[in-house]
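Presented below are the structures under discussion, each in the form of structure tokens.
Both of the next two complexes hold chain A, though its partner changes from chain B to chain C.
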Partner chain A sequence: MFTPTLLAQVVVNGLSLGAIYVLVALGFTLLFGIMRVVNFAHGAFAVLGGYALYYLYGQYRLPYILAVPLSALLVAVISLLLERCVFRWFYQKMFQSMIGLLGLNMALVFGSVIIWDTYERAIPPAFNGMLQLGGVILPLDRLMVVAIAAAILALFWLFMSRSRWGLAMRAAAQDVEIAEAQGIDTLSTYRLAFFIAIFMTALAGGLYAQIYALSPFMGDRPLVVAFIAVILGGMGSIPGAALGGLILGFTESFLSTFYGATLSAFVSFGVVILLLIFRPWGLLGTPE
Partner chain B sequence: MTRALLALIAAATVALACAGAATAQEELKIGAVGSLSGGGTAWGLAIQRGTQMAIDEVNAAGGLKLGDKTYKPRLVMYDDQYTSTGGKTAAERLVNSDGVKFILGPAGSPPALAVIGVTNPAKVIVLSDGYAPAILKNEAKAAYNFRALNSNVEFTPAMIAWLKQNMPEVKKIGLVCTNDAVGQAALPLLIDAYKKAGYEVWSELYDRGTKEFTPLMTRMIAQGVDLFDLNFNAPTEAGLLLKQARQAGYKGRIWQVGGPSVDEIMAVAGPLADGFLSYDVFDFDSPAAAKFVATYHKQWPGIINAQAPAWYNAAKVLFEAMRRAGTTDVDKVRDALEKLDGYDAGLFGPVRWGGMADYGVNHQLLLKFLIVEVKDGKRVTRAELQPEQR
Partner chain C sequence: MASVIGAAARSTRPRISALHGLVAGAALLLALWPLVFGNKFLLALATLVALYAIGAASLHLIIRTGHVSFAHAGFMGVAGYVAVLSQMRLGLPFAAALPLGCLAAATVALAIGPLILRVTGKYFVLVTFLFGEILRLVFTEWTAVTGGSNGIFDVPPPAPVFATPLGFYYLALGAAVLCVGIVARILGSEIGRTIDALREAERLAECSGVPVIRWKVAVFVVACALAGVQGVLQAHYLRLIDPTTFSIVESLNLVVMNVIGGMQRLAGALIGALFLTALPELLRGYVEMQRVFFGIILIIVMAALPGGIIEIGARLRALGKAR
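So, the complex of A and B:
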């Protein structure tokens, strides 16, 4: 069964799965890394991203290249209202944020049920084709997700390491009081970090809904995936989220293919439990 | 003058009260349980809408006349989330809180088994769906529950015989199903049926809620499967399985001995659904369907799940049994239901009850069914089959 073609296909599947998981985990880890907020409403923002893409691309037929960023932008802009009314009260309050945002998640999910019903909808695919290299097959929609994940990671790395705003965010993440003493407007920095996190979550949600299916309850799985990836990589670490997402993708691909789906889920959660016992700060995180 | 005026008002009040009493209709709550969230939502909406259409029809005709009383049926429905817990909670609310005596749904073995666990002891009539044999073959001997749609026991033998005859090149079957009551109770029967027909079978279970099947599909392809059966998967999962099987490079036949959810699968998989074959319960292009489709679309736009006509049929069968019983007394309605063979509700031909040989009770409604194929984004009927009455 371990033929070279099959192994190559497993690697390709792992990469495409990992790319989806990286996208889903980035927004989650950013909010925690900068503001110490555990965003239990993460899945709900992914759902909103899904509906935004459903309307802009699926219904109003905007060009795909415009519809994807616009839908994420739309959700991020509207969410600024939630930043002012809800999130701002939970910055640097990890435990309070868990409960508060769990409530927000329920409000957003069941608000979505009232507006859009519980129907599972399909967002039309942008690409239906498949690329065949030797015996290995790459669906074009998955290839696109890999490309978007790589681009987002690169842009985000550039932003965080080369821009003044990125440096301000890192400073605020390390020590709020010292950052403020150096003249950094932490409130604006937080708002920007929130905006970027929701933008990335909504973008991931749109792509997730398009690849799988869209419904108000779609966000549960991205939330679980984000949790596992971020705990694996280290809470708050952007490279950690990328590493965690990829490890999760490759592990799932390998184990599900050769040993079945049940063992794959068992191992994923088992590794997280072991990591929390022996290295609670994750693979690339830093101990508190 | 004042006395005369008061007398006039009193007389008018009495007259109005009498008139009101003469035309008043007693409300009759009809319970429903189905998935209104998650992957089985299309089936839940089919129960809700099919039943509502039958209720609307009764109310438009002046209500349900039983003996000297006229009832106005009203639908009370709860979401089972396609789970046992959800089904149990929904049934308990309907029976204990709403005082419902007649329930339609749910669809799916996990909630259906949970519902009958509540309703049989409470002597509440249930017309459900779900493939687990225990829905009818149980300790209570299905005292008050009936199955309103064919289960795999009814349609599988005929479908496999058709497969054998029409696709002799198929030797190995692949089955992927949820790791719950469906996968543990209904799937083994399907595996047995394939094996008895001489097929080799590969099967695998996954956790409900999974949306990513690509690795599992790669695993299936490595097993050299000729035909992938989507069996009892919920509509969205079935669509994703088909889409991801094709994306993973699976070139063999795909069909579904279960469902049916052809339109939902086409919506999820798009052009990749071409060539897909499925069990189907209703021919929407038949002359009998035209009125149903038009009435449905007056209230709801979009896709009509193929189970909706079957639930409309089940509700009409239940109302006819009540009419023949002339009462809402549960035992009398149950007896009337059992003797309803030959009654034609309009969409599926005369009622045929069966199931004695398989479940020890004739509480299985036998519906004619179809094998359809997706061609260029449209369903085309390949065969019309009848379950064996035994």
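So, the complex of A and C:
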């Protein structure tokens, strides 16, 4: 059962799935950590990212390496409109944001149904080849997903830890009032955080749609996963979300390959519940 | 916050008779209107509203302790499945199956409550979210007993009298009045003040000798048992029980009812139940467009009235005073 070939396959699958989950979870935790917004519309932005990639890469045949970031950028730019009309009302309001953004999710998902109908579409794979390394066969397109996600995450980490904007964001996350008193323009900081969060989610949505299938209801799974990954790592914690996403991707890939999807779901939910009871602030979060 | 509650408590004394009159009038109206208008669609809608009022009001009881449960529909499902199975497999009468179902939901709540009620705020939301998913997975995967995702068909009507839409409406209305009455009675009593104390200042309540966890568990158990009433009745109304009726979407629906109506008052939960059950039905016609409109309405209500629909009253009063 545990042959090296299969094991390598499981690891690569886990890594690519984990990379996508990390991107989704980071966006989620960014919105929560900085604006205290529980983005129940997160899955809908992933869906939009999927359709953007479908058109740019699947239909208009842009080079893959260009189409992926461009489609995410497109969604993020258009979403700035939603930031102005919808999200701005819900900053620092946890419960109201939950319900209001649930409404946004509904509007976006069923809006997509009206435009694109419910049937599933496929985004053509970037590569069909396999990489052979000493008897171990690795699918190239999965490796590509890992590479793209790793590049984006590295950029994101650099931005958050080195740039002035990243510093402003972390300051606003810690204490809004003091950050404002120090001359940080919180409104544009929020807008930037929103833009980055949606960019990463839309990117992940595109990659996810390429691995599985694209439909307006595709976003439910990424949303639940983002939720769980963020809880696992600690609400609002950026390294926590990254760790949570990776753990979840690996667990899912491993358990569902060897023991079936149902057991995988039971185990991951059960473990997270136990974690929440005994260490509610998650693996890398800080207790309040 | 504390001063607002204090003011509300002071002002209820003189208003209580007017409130009683209002409630009695509303109950009379709800009981008599189907005899005057024979509209089948409105009757079905009213039955659903009555059923959801039970779920929303019982969830309100938990919310008042400061915990927002996302597993409420799961408990409803436990009661529903136990009642339906005991009726169809063991041949128990409805009058025995209903309490048995509620007892089952209460037992699950009693088992899990002491563990999960220790976490608060957003963490409680997340724990119950996951617990609700686990319950749904059990309903879906335990095929031999629950019939899997297909569910169980041909659930018999509670009694021949309740087989007609009108008969069932009265059953649902009666159950709703009873359950909402129980919730209102609990909230209006000494226990209600304990509940408010738990939410507003848990530490202070504990220092004043309130056994915090014990009260929270007690309230949680009662609320889940009451939610069971909706689960059982809904299965009999739809003549079908399946996992989708008890999924996270349904739990979320109940939370939305409470938030959109107003989380601080029982009336808010009832307004929410009416708003959220009636609005999608009235927007019917073109299904996708209806969901889009519904979503937009949720956004607008939450953005304009962060305290829920019940806030309209306070806003109007403030407007009247300003003049």
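Here is the rule we use: the second predicted complex is superposed on the first by the 278 of 288 C-alpha atoms of A that agree within 3 Å, B and C clash if a C-alpha of one lies under 4 Å from a C-alpha of the other, contacts with A are read in each partner's own complex, and residues count from 1 in each chain.
As a convention for this text, a contact is a pair of C-beta atoms (placed from the backbone, for glycine too) under 8 Å apart; a residue touches a chain by one contact, two chains touch by 3 or more.
Keep in mind it's a predicted model, so treat the numbers as computed, not measured.
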| item | value |
| --- | --- |
| Partner chain in contact with A:A265 - chain B first, chain C second, else both or neither | both |
| Chain B versus chain C as contact partner of A:R142, first or second or both or neither | first |
| Touching partner for A:I277 - first (chain B), second (chain C), both, neither | second |
| Contacts of A:A213 with chain B and chain C, given as first, second, both or neither | first |
| Chain B versus chain C as contact partner of A:N13, first or second or both or neither | first |
| First, second, both or neither for A:T257, with chain B first and chain C second | first |
| First (chain B), second (chain C), both or neither touched by A:F90 | second |
| Contacts of A:F127 with chain B and chain C, given as first, second, both or neither | neither |
| Overlap of the chain B and chain C footprints on chain A, listed as residue numbers | 113, 262, 265 |
| Residue ranges of chain C touching chain A (in the complex, touch as defined) | 68, 115-116, 118-119, 122-123, 126-127, 129-131, 133-134, 137, 141, 252, 255-256, 259-260, 263, 288-289, 291-292, 294-299, 302-303, 306 |
| Complex contacts: residues of chain B adjacent to chain A | 36-39, 41-42, 45, 79, 179, 204-207, 209-212, 214-216, 218-219, 222, 235-236, 239-240, 247-249, 264, 267-268, 270-272 |
| Contact footprint of chain B on chain A as seen in their complex | 1, 3, 6, 9-10, 13, 16-17, 20, 113, 118-122, 124-125, 128, 130, 132, 137, 139, 141-142, 212-213, 215-217, 220-221, 252-258, 260-262, 264-265 |
| Touching residues on chain A, where the partner in the complex is chain C | 38, 86, 89-90, 93-96, 98-111, 113-114, 224, 227-228, 231, 235, 262, 265-266, 269-270, 272-273, 276-277, 280 |
